[in-house]
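Chain lettering (A, B, C and D) follows the sequence in which the chains are written, and residue indices restart at 1 in each chain.
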Amino acid sequence: MVGIKDYESLYKNQWCPGCGNFGILEAMKDALVSLEILPEKLLIVSGIGQAAKTPHFLKCNMFHALHGRALPLATGAKLANHDLKILVNSGDGDCYGEGGNHFMHAIRRNVDLTLLVHNNKTYGLTKGQASPTSDFGMVTPMQPRGVISEPFNGLAVALALGAGFVARGFSGNREHLSRLIREGMQFKGFSLIDIMQPCVSFNRINTYNWYKKRAYDLFEEDYMPDDLENAMKLARQWGDRIPIGVLYRKEKQNFAKHIDVLNKGPLISQQYDPARLQAVLDA
Amino acid sequence: MSIDITVKIGGEAGQGIQTMGHMLALVCREAGLYLMAINDFESRIRGGHSFFQIRICDKPVQAPHHKVHLLVALNRETYDLHKGQLASGGRVIMDEIDGSGEGDLIALPFSELAKKAGGMIFANTVAAGACLALLGTPFELFKKVLSKQFGKKGADVLEKNYYAAELGYQVVKEVAFKWSFEWRADKPKGALMDGSKAIALGALAGDCRLAAFYPMSPATGIMTHLSLLSDRFPLIVEQVEDEIAAVNAIIGASFAGTRAMTSTSGGGFCLMTEGLGLAGITETPIVIVNAQRPGPATGLPTRTAQGDLHFVIRASQDEFPRFVFAPGMPDEAYEITSRAFHLSEKYQVPAIILIDQYLADSMYIAQKPYVAPERIERFIAQDDDMENPQQYKRFAVTSTGVSPRALPCAGKALVVISSDEHREDGHISEAIPDRIAMVDKRNAKVPFMIKEMNPPKEYYGESGTLLVGWGSTEGAVKEAVDRLRDEGSDIGCLNFVDLWPFPADAAVDALKKTKQFLMVEQNSTAQLGQLLREQTGFVHSGAILKYDGRPFYPNEIVDGVKKYVR
Amino acid sequence: MVGIKDYESLYKNQWCPGCGNFGILEAMKDALVSLEILPEKLLIVSGIGQAAKTPHFLKCNMFHALHGRALPLATGAKLANHDLKILVNSGDGDCYGEGGNHFMHAIRRNVDLTLLVHNNKTYGLTKGQASPTSDFGMVTPMQPRGVISEPFNGLAVALALGAGFVARGFSGNREHLSRLIREGMQFKGFSLIDIMQPCVSFNRINTYNWYKKRAYDLFEEDYMPDDLENAMKLARQWGDRIPIGVLYRKEKQNFAKHIDVLNKGPLISQQYDPARLQAVLDA
Amino acid sequence: MSIDITVKIGGEAGQGIQTMGHMLALVCREAGLYLMAINDFESRIRGGHSFFQIRICDKPVQAPHHKVHLLVALNRETYDLHKGQLASGGRVIMDEIDGSGEGDLIALPFSELAKKAGGMIFANTVAAGACLALLGTPFELFKKVLSKQFGKKGADVLEKNYYAAELGYQVVKEVAFKWSFEWRADKPKGALMDGSKAIALGALAGDCRLAAFYPMSPATGIMTHLSLLSDRFPLIVEQVEDEIAAVNAIIGASFAGTRAMTSTSGGGFCLMTEGLGLAGITETPIVIVNAQRPGPATGLPTRTAQGDLHFVIRASQDEFPRFVFAPGMPDEAYEITSRAFHLSEKYQVPAIILIDQYLADSMYIAQKPYVAPERIERFIAQDDDMENPQQYKRFAVTSTGVSPRALPCAGKALVVISSDEHREDGHISEAIPDRIAMVDKRNAKVPFMIKEMNPPKEYYGESGTLLVGWGSTEGAVKEAVDRLRDEGSDIGCLNFVDLWPFPADAAVDALKKTKQFLMVEQNSTAQLGQLLREQTGFVHSGAILKYDGRPFYPNEIVDGVKKYVR
């Protein structure tokens, strides 16, 4: 039996009081507990940013890597040992800014891991510059005349690239979010959960209340996430009503399944065989 | 040397120059000859001008020769460009449609004969036949090689090739060639090997299991070789979206427990430097091959250079230990690659192998059989090795700087790693004592690493003048030394392979024996020379530098030396 | 009057005979001539690859830059001098592989330039490895057991990110392609033309004939490129029938228009004013 | 010095420490005092521990002091952490709810008073008031600063702040403080300046028009300053998707004709190295500020270091000239930045400015007025300057290595540029003569560039022992020299600002005057020391190295020196 306290970290939390990341952290714990994953059987890979600090505040195996580079690192780990259960914590800047290229190609590769994007629509750790998802016109100390690019739509891009599990969560709805994480982790293949996360220090627009007023639950609406066009429409829905839930789900062969050599078990478990090598050397 | 013949095959990209060159190389190897061949080509797929130049000897040979004895001109341009390199008495074979008449020229009806044999695709075999016939190669030997090459493609293809070869032989039957020699039926002296293949094999001997990369000349060959072998080993070769992904993927794989590598060239290496630092601070073993080409930036993609030494030893912000090796020849590249995996894992530091286009793409006869290691020594800590796995600290301070390394999800021990500066348990720390402890811990490895470094290789090391080089120039430098000694010079050389951490004491020992030394490098500032001054205080009294993208020919070094030494 | 010969380069072409790039080159010339743009008024920025060599084979101002980095470089040039007419030649590897992140963010930024992606579904210059757009299963010397990732859909991603001009061309249809380039260059904002380009040396699957059989012309079908959902559907259409033409077109304020300081003219033409600086220094 | 008082304000991130520190600094400046303040904070937004430490003097001051005379503890932790640094007689003011009783402690009802003034947001003003009162600051002076600070926010806010200040003053009325001094109403000695702001201003003085960047501590401040100024100048400050985009965007902008810059730190600089090489081979002027922090990798994002010297002088594959400068203080940072733009454009090479978190985030009183250059000398070729614009060659070989640089679409001259090696006209070339010509052309600039380099700055340069440092440590080193000389030591120092191309002759001239020299650097391997040996042959006889992420305090250098010099 796994309990919440198995996941309590002794390491002191560093987020601002009231930060939306706390809701994500708790939802993660809920999901992990309900999936009965032991801390020592979990690997979290993260980039750099407030979001990316998440694994420090849990108890688990973790690699808190470079800004923007969590996905390729996680991919490498998964190729080495495809038995690993991998969660990736990333921020909107980390994943869609610095790491944008990896985001797209991880989707194409369909590696079996779950990506949580803590989308606070700002660069939190570097003190509140605009992020790729900041709304058009958002004013920051660095963008004193407002953001002049279109916000990045991670869900739409994921759908355009054929992602098999595309969901949006809200850190203010712990139960709902933990369900998404659970389903994402159970999904065989790449799963994306973009999470609306208030940043109480730097984002005065997209607050808890702002989201609460707008979020509506696709689970409650009995939405069937099996149609790409519908999903695309929902991915673009923003403003008065914002859907949260699984927008699209379609399982397909994941990356590791295409690699014959992995039929014999994870790479790390296979034996080095000098005779086989010598045969090649002598050929 | 009694036999020392250089054959050059030149023409447009896409004319099958390399295929034909490969045929010649196989024939020579089969006959128990030694050879050394360079590949010269442009950054394009069809057209332009390229050549394959093979030197055939009855003694081991490790550098190209600047004089051509037999030129196979697959177009007129080749003749015009290279006739000046002909040794006196040297001959050129060329299709008669491209011209005829000149004294050194043997104009032959290649296309006609090829068509007779079954089509233009047999032109290479015809030309190879003519070429071998001139050299006096027994026809049976060529047939043997053809059957190995084309046997799998069915009897028809093979027969047509035999016929094409025969046509080539017959057409030069009457032609006398000064360097025709008697071919003895000796057994092959070793495998036909290029630097790329040697590194791919070395990676397998280092138990590499993930090779992630983004294509980039001249580093791609390594991955092509590995890719073709990957179904026979627990090995994944994965082409990723960019070099940043490549280096991070191998860090992830290594962290998870398999040895991993990437290969790239300058621009790609630039993009990997941040990842290099990640391997540095997280003490994750990885191997990066940087196959040098001339830069800066895109530079000359298919040419050779040694311009990245300074960069790779200092790449990435702040300080952390790393290994840098520059093998001189394929045999050494094999050993170094497998050793790089070993040392990288032993010390939990990144290892960089510096090669160049010349080493990557040139062919040699291996001088010894490559031996698969009996076993792979891993440096992994299991729960059983720990007093209390629950208390496991990935970055525990030790006297050697190396901490027991556990793998994630392999037991009760949790592996906690951060690219931020950290405590012994791996969590972020900004505390002064933690920072100092971690810097000191990482630096503590250096003295142990230096003990692993081999001294520079001496060749007539007690001479009054030493030529000092590193990496792939070894063969050319040694041959230059031989020639100069034959002329009576008191000269030797030093070749550096193990470059970082710099084996300063060994370098001092070697340098203090000589009166003066000259650098021989393929860059414009004598980078190793500068490093020697920094690390030993010794200053070179001259430098023979080549930075035109082409490899050194021994005679260029001989000429260069003569400017300094009378 | 501008004529084709104004664009003839004295520099020798380096492509393989029969390469699809020739069709693109000719279509470019046609478009430039019909738009009456003088060579000295044109700037071409390109990355690295066979596609990226294009500007060498024209006569114009050019910056043949780094692999994958044409778009940010072009963006910088455009910010410095927004009067520049900029074309970008890029390959599928250059633009969607190494340069994937810039591709996405250039779309968000909506800088007024025209991007031509010579999509030969392979890495030509590096000798035929798979590219991000290579079909699933495609065998190459580097992918001896076939490609195991989903092909990258540049058009769909561009649409997902709100691109205002999204088109597909075919290098085998010079007239059609030159029309696309013309319209792309006339469009105020970022325009993407993904061009199906046969590579006779390395792509034995997607040949001229393969494309000829499948391509159908949206202009002929009187398709109205004003509906995002239709465009998305067409962007995904691949197989027996492949649409060529403008999939989507919608003008919106381009980047430079949002920047007040550019109202006074291009940055390069504005005057340095020591008094204004001294005032700030003394403040 | 008669006045030399250090006040430290410590507490959690988010408690307004910097705001309060800024208030004190403004008051001191207003009174014509000198000051120097450091900012110490963690990589987080709320909580943890940070401090602002201001040193107030009646003479120019350029380094922090290790003893604290007055500690403002905004929480209990601050008291516990820093009480050991109190000078004898030093006092601590702290909210009484956090504790009381200790002898050095002045427990005050801050929260209570703040609430009385209108709410907890006035706590800083109350504390500042108490602090200034203890120092003997005339209340009117504080009011003056408050009115400048809050005047714009309306009468109500201002009044409440006055009141809060007054409450702070009154509550310590009865308390005696050893270092209370008489404040003279002098006029300000200069602007309040930090390194980031100085560089932003220097960029404007260099006529920078595009600043493209990706946020990264400690380099972001420069861009924040520029961003706030951008509406007043022909200047675009654009935050881009990553550092690769940033460097390529500024290359594009510079190519198109405007001066352009970026700023970043280690990891971001890594990602820019390929672009650096692009600027190198395309001879495009750009300015990159690398604000150092401890690494490797993420390291300590908000701390200071000098670990990137070796990396930046050799970053990117192969060889090309570049400038590297490391200013010592804001005044110099202003000059250097504007000069970097000038020299970068004059020689068509990239210029790198190496600063660090300490310089970027510390506050100084500018020692001279910053002067806007009368005009900007551009180095652009117009059609009119050419004999035949249609024959224009971007990379024409010249004796200085510098070719006339035209702009695209500015005339009939076509500008052709390739990152591949090229001919004079800019088109790709793989020909040997072109390659050699271009390498030689680029290298030909170096001797001219060296002539532009200033020698290291000498301070008692004729002494028997010299301390040798570079960049931001200048202030601390000089103060250490002063103190050691006061104690009778024969010691001086050298500070290197112009670092690359290395002014070797000037360095030799400076070093040969002394008997021995000691390196003072914020890294663990004495990088400049190694470089000195490489470039001059001189070897340092010791090194005082600090690599814990915190700046040097002069006393640490003094203590360090004493290990070597008796």
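The rule is short, and it goes like this: a contact is a pair of C-beta atoms (placed from the backbone, for glycine too) under 8 Å apart; a residue touches a chain by one contact, two chains touch by 3 or more.
Everything numeric here is computed off the predicted structure, so don't read it as measured data.
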item: Chain pair with the higher count of C-beta pairs in contact (C-D, A-D); value: C-D
item: Maximum centroid distance from chain C, chain identifier (CA atoms); value: D
item: Intercentroid distance (Cα basis), chain C paired with chain B, Å; value: 37
item: Cα-centroid distance, chain A relative to chain B, in whole angstrom; value: 41
item: Multi-partner residues of chain C (each touching 2 or more other chains); value: 48, 66, 98, 100-101, 104-105, 132, 145, 259-260
item: Chain D, residues touching no fewer than two other chains; value: 42-43, 230-231, 241-242, 244, 267, 274, 278, 282, 297-298, 301, 418-420
item: Residue numbers on chain B that touch chain A, as the complex places them; value: 201, 204-205, 207, 209-210, 212, 229-236, 238, 240-242, 244-246, 248-258, 260, 274-275, 278, 282, 369-376, 407-409, 411-420, 426-428
item: Complex interface listing, chain B residues touching chain C; value: 14, 42-48, 214-217, 220, 223-224, 227-228, 230-231, 237, 239, 241-242, 267, 297-298, 301
item: Residue ranges of chain B in contact with chain D within the complex; value: 42-43, 244, 265-267, 269-271, 273-274, 276-278, 280-282, 292, 294-303, 305, 307-308, 310-311, 314-320, 418-421, 430, 432, 435-436, 439-440, 443, 523-525, 530-531, 533-534, 537, 539, 547-550
item: Residues of chain A touching chain C in the complex; value: 98-101, 104-105, 107-110, 132, 145, 148-153, 156-157, 159-162, 229, 232-233, 235, 255, 258-260
item: Of all residues in chain A, those that touch chain D in their complex; value: 14-17, 48, 50, 66-68, 97-98, 100, 123-127, 129-130, 132, 141-145, 201-202
